[in-house]
Structure formats: C-alpha cells, structure tokens
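After this come two complexes, each holding subunit A, first together with subunit B and then together with subunit C.
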Partner chain A sequence: MSVLSPFLVHSAVQAITPILLAALAGVLCGQAGVFNIALEGEMLVGAFAGVAGSYLAGSAVAGVAAGALAGAALALILAYGSTVLRGDAIVIGIGINLLASGLTAYLLRQMFGVSGTFDSPAIVGLAPIAIGGLAGVPLLAAALSRQSVLTWFAWALVVLVAVGLFRTPFGLRLRGLGEQPDAAATLGVDVQAWRVGAVLAGGVLAGLAGVQLSLGAVSVFSEDMSAGRGWIAVVAVMLGRNNPLGAAAACVLFGFADAFGLRLQGQGLPNQLTDIAPYVVTLAALILSHRRRQA
Partner chain B sequence: MAPALQASGIVKRYGPLLANDGIDLDVARGEVHAVMGENGAGKSTLMSILYGMQAPDGGTIRLDGVAVRFRSPAEAIAHGLGMVHQAFKLFSSLTVWENIVYGREPRRGPFIDGAAARRAAVALAERYGLAVDPGALVARLSVGVRQRVEILKALYREARVLILDEPTAVLTPPERDVLFAVLRRLVVDGRSVIFVTHKLDEVLAISDRVTVLRAGRVAARMTTRETSAREIVRAMTGRVVADRPDRVSMPQGAALLHAEAITVRGDGRVLVADANLSVNGGEVVGIAGVAGNGQTELVEALVGLRAVASGRVQVNGRDVTQSDVAARREAGLAYIPEDRAAVGTAPTASAADNLAMGFHRRPPLRRGWKLDGTAVRDWARRLIARFDIRIGSERTPVATLSGGNMQKVVLARELSHAAPVLIAEQPTRGLDVGAAEFVHGELLAERARGRAVLLVSAELSEVMALSDRVLVMFGGRIIADLPAAQADEERLGLLMAGRPGVAA
Partner chain C sequence: MSLPPRVPSVVLAVGFAVVAGAVLVAASGGDPLAAYWQIAVGALAPDNLPNTLNWAVPLTGMALAVAIPLRGGMVNLGGDGQLVLGGLVAALVPLYLPLPGVLSMFAAILAAALVAGLYAALAAWGEVRHGVPMLISSLLLSYPAMGLASYLSGFPLRDRSSGLPQTVMIPPDARLPPLGDVLNVGAFAILVIAIAVVVFDRRSVVGYELRLRGLNPRFARYGGIALGRQAVATMFASGGIAGLTGATIVLGAQFRFTDGALVTPNYTWSGLMAALLAGGEPVGTIGAALFFAALQTGGFAMQRETAVPRVLTMVLQALVILFLAARHGLRRRAAP
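Presenting the complex of A and B:
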C-alpha cells in the first residue's frame, strides 16, 4: 500500500485546517505576549455555534459567522481577564476550556433537546470547492480538490500572517510589545488595546477552526468534538516558536498523523489505538524539539 | 535664550514622604548637566517626572521656554525628550534597526521600508560615533553596544534633551570613554544631556554644571570647573566623607581560601576555565571584570551553588569540593551574594527570620526540635542595633527596606558567622555613598580580624580601594594577578577588555 494514497492526502489536508486556524490564533496571541491555552474551548464553542447558526438560519454562511462570533465572545474573557483585570492567562484559559465543554453540552440539550450528538439534514455544511484541471496530477488533485473554503482561507492566512508579522509596522509593534511591554508602552503603543485585539482576533480564528470541524468534513456537532485539537494547536505554536510558518509545518505533521491514524483504522486496528497517533506524534515532537534546543 | 529644559518648584509626594520638595533644574542648550545625589535624594523621581512617567504634585516644566505637561513618556518623546534607563528598554529578539524605528517606521505602502530604516540608523550612528551593526540581533550585543542602541533610539526620535540614568554602571572604562566622546559630539550639536550618576570622577570629567540633590531638595548648584570632588560629596551627604577607606597594612596569615584549577561548564560552554586563586588571612583579594566573564559562576562554584567540572576548593584547610553549601559554611565560609533581594534574603520574611537563617540548626536559636522565639528575637535585636539597621521592628519584612538596609541585614547575618573566609559579591551595588562606606568599613574590619576576604565587584574604584591583590577575569579565565600597587585603572581597564598584551 502506498503511504501517500490520494485518500490519505485528502483527509490529511482536511484534518490540518482546524489545527492550523487555531495555531494561527495562538501565534497572534503568543506574539502579543499572551499565552493562549483557551484555543480548545474557543474551537469547541465555534463548532457548536457553527452548527447552530447553520441549522437555525439554514445557511452555511450564517454558521461561519456564528462560529467566528462565538469564538470571539469566549475570547473576550481571556482578552479582558489577562489585560485589564490582570489575571493569569493560564488559569483563565483552563477556566474557558472547562466552561466551553459544559456550556456546549448544556446548550445542546436546551436548544436541540439531544445529548451526545446533534445531527440533522437541516444543518447546511460548507460546500467543498471543486478544482478542475488537476485531474492529471493525482496527489495534488486529491489534496486541493473538494476542500472547504476555510481550508483555502487558512493557508492564505498563513502567508498573510507571516508577511504581516515580519514585514509591516503592525507586525513589528506586535512582536515588540509581546516581548517588552513597558518598552513598547514608552514608545507610545497601547499595549492593552493591542493585546485585547490580538486575543479577539485569535477568538475569531479559533471559532472558525471549530466551524471547519462541525461543518467542514461532516455536518454534525458532538460533545467535546474538538477532542484535543486546540491543545495540539498550542503545541504547534510552541514548536513553531510563535512563527506562523513553523507552526504551519507542525500542523502538517499532526494532520498527516491524524489521517494516518484513520488509515490504520481501515486496516483493522482498533480505533482506540489509532486515535492516539496525533498525540504520540505531538509528544515525540515536543520532546525532540526540547532536546534539540538544549543541545 | 531660554534654557533647553527648565523645571521649577517640582513637588512629588508619596504618602507622607516628600520625594521632591520644590526642585529647580535648569539645563542649557549644548551642555552636559550632571544630577547627583545619594539614593533616596529624589533623582529618580525627578527624572520620571521630566520624562512623563509620573505626574508632579506641583511645579512647572518648560522646554525652550514653553510650558509643557506630559501624561506619558510618549508625549515627552514627542516633545524632544529622550531617556536611557538603567535597565535598558530594548526588544532583544528584534534587530538593532527594528528597535530604533519601532513605533515610527518608515513605510513603503503597507510595508516597513527596511532599507530606509537601516540608512537612517547608519547615518545617525556615523554622525555621533555610535558604532553598531544595524542588522544585528539585540540579544547578541554587549551591554555597551545596547546602550548605544538606546541612544540611537532617542536620537531617531529627534531628542534634544537626553536623560542618561546611571549610564556608566554597566560599562568598562574603555566603553565609558566611547560614551563620553559621543556625549561631547551631542552637545556640540546643540543637544543637552542630563547625566544622573553618583560617580564623582565622571561628573568632573564630562559635565559642565552639576545640580546636587539631598533629601528631595537642591543642596547645591555648581559649575564643574569651579568645584571639587570634596565639595560635591559634602553637598550630597551633608558631611565630610573619607575619599578612600583607611587601610592599614596587615601581616598576612595562611591561605584560608584556596581554589585549584576550577573549571565550570554550563549551557554547553566553558564558563570558568582553569581558575586558580588563593586568599590569605588578613588579605582582601579583589576580582575585577566586566559582568558575564565568569565571576558569578566562579563564586557559585566556590560557595557550592554550582558543580565544578574539575578542580578543587579548600576552605580553612579542608577540601570541600564535594561538599554542599551547608557543609562549606560549616567549614568556615560566609557569603554576601550579588542579588540581595533574590539570594541574599527572603524578602517577604521578617528581619528576625532572615537574621536567624543559617543559625537555626544550633543552640541558642534552636531548642530541641523547634526554634526558640525569644532567642530569635533577641538575636535579631542585637544585630539590628549593632549594624544600625533602620527598621520598624524585627518583625518587619525585609522587602520593605531600602537597598542599604537590606544589605546591612545580609552583612549582619554573614559576619555573625565569624567565618574565616568571606566572599562578597557586588556588596555595594546600588548603595549610596554613606551605605557603601559602611560596607567597605565592615569588609576592612574583617580583614583586620585576620580573615580572608574575596571581593567581586564591577566597580573598579571599589576593587582598587579595598584590595591587597587584584585578579582580572576575562572570558572565564583569570588573566591577571596584580598587587594593589600595580593595579591602576588604565591597566585594569585594558585587562577587563581582554587585552593583556597591551597592559603588560
């Protein structure tokens, strides 16, 4: 069997998108000096709001908007808590993640009267975008064709964030104030406002990551469906050292591990075993990168 | 012509404390104006008011005759003020040019015009003799070069009045000379420099006029050419202070501290390489060197805070190389650490607790399995009285004390050990003239008692005033061992810069 089968590549690219969007959120916050571990919770709430919006308004666009808004709304707690109210970003992040898990389960029951999973034909998923003319290049066609608009958006954003961070006044200020807030403040930068902005923008991206989960490949919401992807994004941010390109590379690694796990499942391995593939890769990458840095 | 900067009647209160009590300061165009004073005299408060970091409770500030009122440093910068803080405010993960243009970037469309930014940085650097590589990462620069970046940052923002807060504290003598040359070019160019310091020789060397503060008021205004070091010190302290501590010659005893071929590794580098030293009873040996050349690591290896890769340490004739800190202290080692707030004391603990530490395992402070509260209290009171520690009560946390009084707590505790060997690391850093004089007196008293004192200091004047012998560390090696008579500033300065060939 070929390791890079078209199906594997396609599902890997699909699996990368939510992690990548969340990781870009983490990069923005990290550069601003806020260590955002609330990505998991923001993603979960985004996934729920995406399904809810799509179901209630009958349109995927409404789902996307609802997911982005919900992510930002949850991020508001971190944005103000860690700046104006001077709270600890880690503690607030943990609180947000716990809140998101309970809140989505509760709303699922209240709004749709189900628990566990909400599935309905009225949920409009994101339409896959077909790319013609690639039929001759099998792997590329598999990777690019029939992906959601959010996948394209995520990769465009990688370039945009990288250029923005390293080539524009905006990026220079963000990088500086994250490292030395008082130096930036002395030079007339409103550190709190920038941080609030970065965390809210991160909330939007993490919310979209959730929408990709619930409306991208499938059109369904299940409790805790983010399943640690937000945490993997946190790791990707750390491995990439707050650099969007590095974080994206880490996301690609995790995405393939995820897809590869699915593939192994198809080979008859128990899914409890194959599901751990991305997490094993995450742990291994963390340990290896730490060793490399020490050397 | 109106003065470049004129502050009149500046008042600042912190609760009951009057930090600035009607201070007047005039800085002319094209002059270096020194502001002197002991710690707590109000220098820092005054500077933070001039720079917009704090609002005054009274008084006015005029720039070129126009009254101004700053609500933030950004506003002060916009009005042509610049300040180089003692702790630099640089972004170490960014490059030199990025630091310089931060917040005021030249643009090309939506992007930063990197080429224009570099050109601007290079042009300013060349004009004032501030040699830097604009593309270098700040994290990789030495402190002297970082200071140049700070100055360039201010000049890029068109600072006409530049405040330098203790700028030479971190510099080697050659670096200091470069800084002074830069300052001269700045004033020739019509800019003004406010030079905050407590170093007399520098004031005499670089300034045109001096304003001396004492207890929140102006104690004296002088023209540098017409004054003397003695007069300035009298204005600062309100009394006459000895230029140098008296040092009687002492018969020297046996080697009480002896280190042989000490090598320390860390972070994959050799931090101390093959260091040999020996300190006799009745002797002060000074270690000079620019910070970061292995002094800290050597001292940590001597006191047992850091493992040696190879070599031997002897205290009072006992080999303690394999011993932990407690055993080394038992063998006769007292230690005044560099950082009194992090290592020297437990800041949130009371003075009594801090003074008892290290004595808590033995009677009289220990009774059975617990501490004797009364004995701890009496012990603390006795030391507070003997060392004249200004403190409310022995139950007061030491974090509330001034630097000088906190250092007295450390001294009181360490000297109570009556240990044959004392290692003092930067014992007067940040202390004012009076407190430093006290510390120097105590170190020399230890010497007079026949003990061995190892003094590590970045202050050359301190090393030269106290030591019988001076060692110089550079790049982790002890590259010179000079008797005091041969250790003059020029020679030590060259050695500290790693140029033994020139010095010899």
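Presenting the complex of A and C:
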C-alpha cells in the first residue's frame, strides 16, 4: 500500500480545513494577547448552526452564514468577558466549551426532536468544487479537486493573515497588543476594542470550521462532533508560535495523522484505535518541538 | 482562578443562570416555572433524595479530583480519561487476578487509583520535563485512554455473550456491598476522601504549600517548594481520586466496564464546574457538587414531566460558571 494514496491525500486535505480555520482564529487571538481555548465550543456551535441554517433555509450559503454568526455570537462571551469584564480567559473558555456542548444538545432535541445525530436529506451540504485539467497529476488532483469552498477559503486566508500580520500597519498594531499592550495603548491603540475585534473575528473563523465539519465532507450534525479538534487547533497555534504559516504546517501534520488513521481503519484496524492517531501525534509534536527549542 | 469567590457572587451567578435558562426554555416553547419546579421536586422530594445522593457520590469524587490541582492554580481537564482508566482497571482486576473476594475488591480499587493517578501524573511530568502545558496535555491524553478502553471492552476483553461492548461481570464477592436501596459502600469511600481532602487542605503542610502555589507560584518557589515535584504529586492525587471514583461506579453499581457508561453522565465536566465554582476550595467544592447533583437528578423529573430535555441542566451549569467568571473579574477590577 502506498502511503500517499489519492484517497489519503484527499481525506487529509479535507481533515485539515476545520483545524486550519480554527488555528487561524487562535493565531488572531494569540497575536492580540488573548489565550483562546474556546475554539472547540465555537466550532461545535458553528457546526450546529451550519446544519440548522442549511436545513431551515434549504441552502448551504445560509448554513455558512449561520455558522459564522453563531461562532461569533459565542465568541462575544470571551470577547467581553476577558477584556471589559476582566474575567479569567481560561475559566471563560472552559465555560464556553461546556455551554456549547449543552446548548447544541438542547437545541438538537428542541428544534429537531432527535438526540445523538441529526441527519436529513433536507440538509444541503457544501458542493465540492471540481477542478478539471489535473487528471494527469493524480496526487495533485486528489488534493485539490472536489474540495469544499471553505478549504480554498482557509488556505487563501493563511496567506492573507500572514501578509496582514507582518506586512501591514493593521498587523503591526495587532501584534503590538500581544507583545506590549501598554505601549500599544500609549500609541493610541484602543486595546480592548482591538481585542474584542480579534476574538469576534476568531469566532467567525471557528464557526466556519464547524460548518466544514457538518456540511463539508458529510451533511449531518452529531453531538460533540468537534471531538477535540478545537484543542488540536490550540496546539497548532502553540507549535506555530502564533505564526499563521507555522500553525498551518502543524495543521497539515495533524490532518495527515487523521487521514492516516482512516487509512489504517481501511486495513481492518478498529476505529477505536485509529481515532486516537491525531491526539498521539499532537502530543508527540508538542514534546518534540520543546526539545528542539531547548537544543 | 485560585481565589475562592465570595458567596454573594456565587448566589448572584446562580440567579443570573436561572433567569437566562428560563429565557432559553421559554424561547424553545417550554414553561420555565414548571421545568424548575420539577427539578426541585425531582431532586429534593423524600423519595428522590437517595437518587440525588447516589448521583452526588461520583460527582463529588470528580469535583474533588479537579479541586486539588485547582487549589494550586493547575487545571486537570483529563478527568474523563482517568475516570475511564480507573473503571476499566477495577473491572479487570477481579476477573484476571484471582484473589479471595474482599481482597480482590480492595486490590481493584487500589490498582484503579494507581493507574489513573500515574496517567494523570504523566501530564504533569510532560509540563515539568518537556514544557507541554498541562491544561492541554491532560485533555489530549484523555482521548487515547478512552480509545484504548473502548477497544479493549469492544474486542479482546468483550463479554461474548452480550451484544454490547462491555467486559464480563465481576464476581459478586468482589462487589461493593449495597447501602440501602440505591447507594453502595462506595459512598463511604468518597466521604472519607472528601474529609481527607478538607483536612489536608486546612491542616497539613502539603495543603498549605499547594495553596501557596495557587496564590503565587514564584513566592512558593522562593519559599523552597519544589514546584515540579509538587505538580507531579498533585496530579497523581487528582488522577488517583478520579480513578477511585471510576472504581466505585464499576464495583458498586455497574459490576462491569461498559464502553461509554462512565463518560455519558458527564460527572467529569459537572465536577470540573463544581470545583471552578468554589475556586478549588474543598468544602465549597463539595457543596457545589451536591447542588449540581441535585440539578442533574431533578433534570430527569423535568424531562419526564415537562418534556424539556434534561441536558438543560448542563447549560445551566455552564452559565453559572460564565456569570461567575465575569463577576469575579468585575470584583478584581473594583479592587485592583
């Protein structure tokens, strides 16, 4: 069996998207000096709202909009709680994650009358974008073709965030907030307003990450379907040291670990064992990166 | 995070959460007053009190497990993995380690606490030796533990006579004896742990040093406390209690390890919220755990009588924490 089979590459690229979008959200917050561990909850709410919006309005676009809005709405708690109200960002983040888990389960029962998984032909998924003319290059075709619009958006955003952060006055201000908030304030930057903005923008991205989960590869919502991906995104941000390119590289590693797990499942290994691959790789990466930093 | 919030803040946060929850219920077409009334009756009516206590036992165990590191400013998010490991080990020891009845029970409890404690200590060791933040590693370590338990109970160690992913029933003489209709001796074990945690917190050097770390780790180090060793030992105790909690559920109520059965009731996360509510202070944590146990138990009655899903109680718990975090911050701002 070849390690880089077209199927593996395709599912890896698919698996990277939600982690990548959430990691970019984490990068924005990290640069602004807010430690955001609420990505998991924002992603879950985005996944639910995506399915709900798509089901109720009958269009994937409505799902995307609903997911982005829901992520931002939940992020509002962290945005104000950790800045204006000066609460502990970690406690608020834990609270948000648990609120998201309870709230989506509650709404799932009240709105759709089911528990566990909501699956309906009326949920319109994101249409995969076919790329013609790549038939000669199988791996590239597998990677690029039939991916959702959010995958393309996520990778475009990596470039955009990298350029924005390091090549524009806007990015300079944002980075200043994280490094020296007092100095930034002296220069006339409204620290709280910028942080609120960064956390809210992060909420939109994490919400979209959730939409990719629930409308990207499949068109269902299941309880707690984010399954730790928000936390893996937090790790990607740490490994990338708040740099979007570094975080993206970490996401690629985790995406391939995820897809590799799927691949092993295809070889007959039970999914209970293969599902743990991304977490083990994540932990190993954390330990190795620290080793290298010390050396 | 480590300062225990004042009582009025907590009452106010609970009040806000109750109002916000009522709005949610009303918005989804339910009757909030009826829902809350059913929660109260379902939790506190004399017939239902034993059920509330029975729910409170593991919830208190998990709350204390989180409260101990929280007292020192550390967060253990890996309770689910530790609980599951403890439960699995407790289910396997009586089956595969042939010892006479009661001895086998004690061996199972000890082994469960030991394995779960070591697993939790692994997260602390990762932070001390490899700089991997415990907040994240403790949570990430949960997934492999749950995956492994799920695999073992689903494949090699599965009870072939049952269609479910679960292990073979443990022999009757290795089970925790019942205590009344619903409770079992496991309640005593948790009670002893609770008293021990309170005494350690208030009367021992170890407890003092841990509180010192929570208030100011740099000062604690200046005072001669070896922070690394303290973190590993604290997490070992934390995971040990989580494992013991899992053992009491398996040996006292379920008599086998069933995949998902320890995680589904959400003891870990309710316990975490109870500990956060009290800022890790043990007596407050136990009080909060009892309160949340009543809320959860009452949730069953609410779902039965008013058709409002009982998962509403999870929403209420999270809202209490969020309102409290905001209030707590406000207080800090008022008195810098």
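We take it that the second predicted complex is superposed on the first by the 295 of 295 C-alpha atoms of A that agree within 3 Å, B and C clash if a C-alpha of one lies under 4 Å from a C-alpha of the other, contacts with A are read in each partner's own complex, and residues count from 1 in each chain.
Just so it is clear, a residue touches a chain if its C-beta (ideal position, glycine included) is under 8 Å from a C-beta of that chain, and two chains touch if they have at least 3 such contacts.
Note that this is a predicted model, so its numbers are computed, not measured.
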With the two complexes overlaid on their shared chain, look at subunit A and say whether subunit B and subunit C clash or fit.
fit
Just subunit B (first), just subunit C (second), both, or neither: which does A:175 touch?
first
Contact-wise, after the overlay, does A:187 reach subunit B, subunit C, both or neither (first, second, both, neither)?
first
Count the residues of subunit A touched by subunit B and by subunit C, then name the partner with the higher count.
C
In the superposed arrangement the C-alpha centres of subunit B and subunit C open, at the centre of subunit A, an angle in degrees to the nearest 10 of 80
Using the touch definition from the top, say if A:96 reaches subunit B (first), subunit C (second), both or neither.
second
Considering only touches as defined above, state whether A:109 meets subunit B (first), subunit C (second), both or neither.
second
Is A:228 touching anything from subunit B or subunit C once the two structures are fitted on A? First, second, both or neither.
second
Thinking of the overlay built on chain A, is A:280 touched by subunit B (first), by subunit C (second), by both, or by neither?
second
Superposed on chain A, how close does subunit B come to subunit C by Cα atoms? Whole Å, please.
6
Which residues of subunit B touch subunit A in their complex?
72-74, 77-78, 89-94, 98, 101-105, 107, 110-112, 268
Spell out the residues on subunit A that touch subunit B in their complex, using ranges where they run on.
167-169, 172-173, 175-176, 179-180, 182-189, 295
In the complex with subunit A, residue positions of subunit C that touch it:
1, 24, 28-30, 75, 77, 126, 130-133, 135-137, 139-141, 143-144, 147-148, 150-151, 154-155, 269, 272-273, 276, 309, 311-315, 317-319, 321-322, 325-326, 328-330, 332-333
Complex contacts: residues of subunit A adjacent to subunit C:
37, 77, 80-82, 85-88, 90-92, 94-96, 98-99, 101-103, 105-107, 109-111, 115, 228, 231-232, 234-235, 238, 270, 272-273, 275-276, 279-280, 282-283, 286-287, 290-291, 293-294
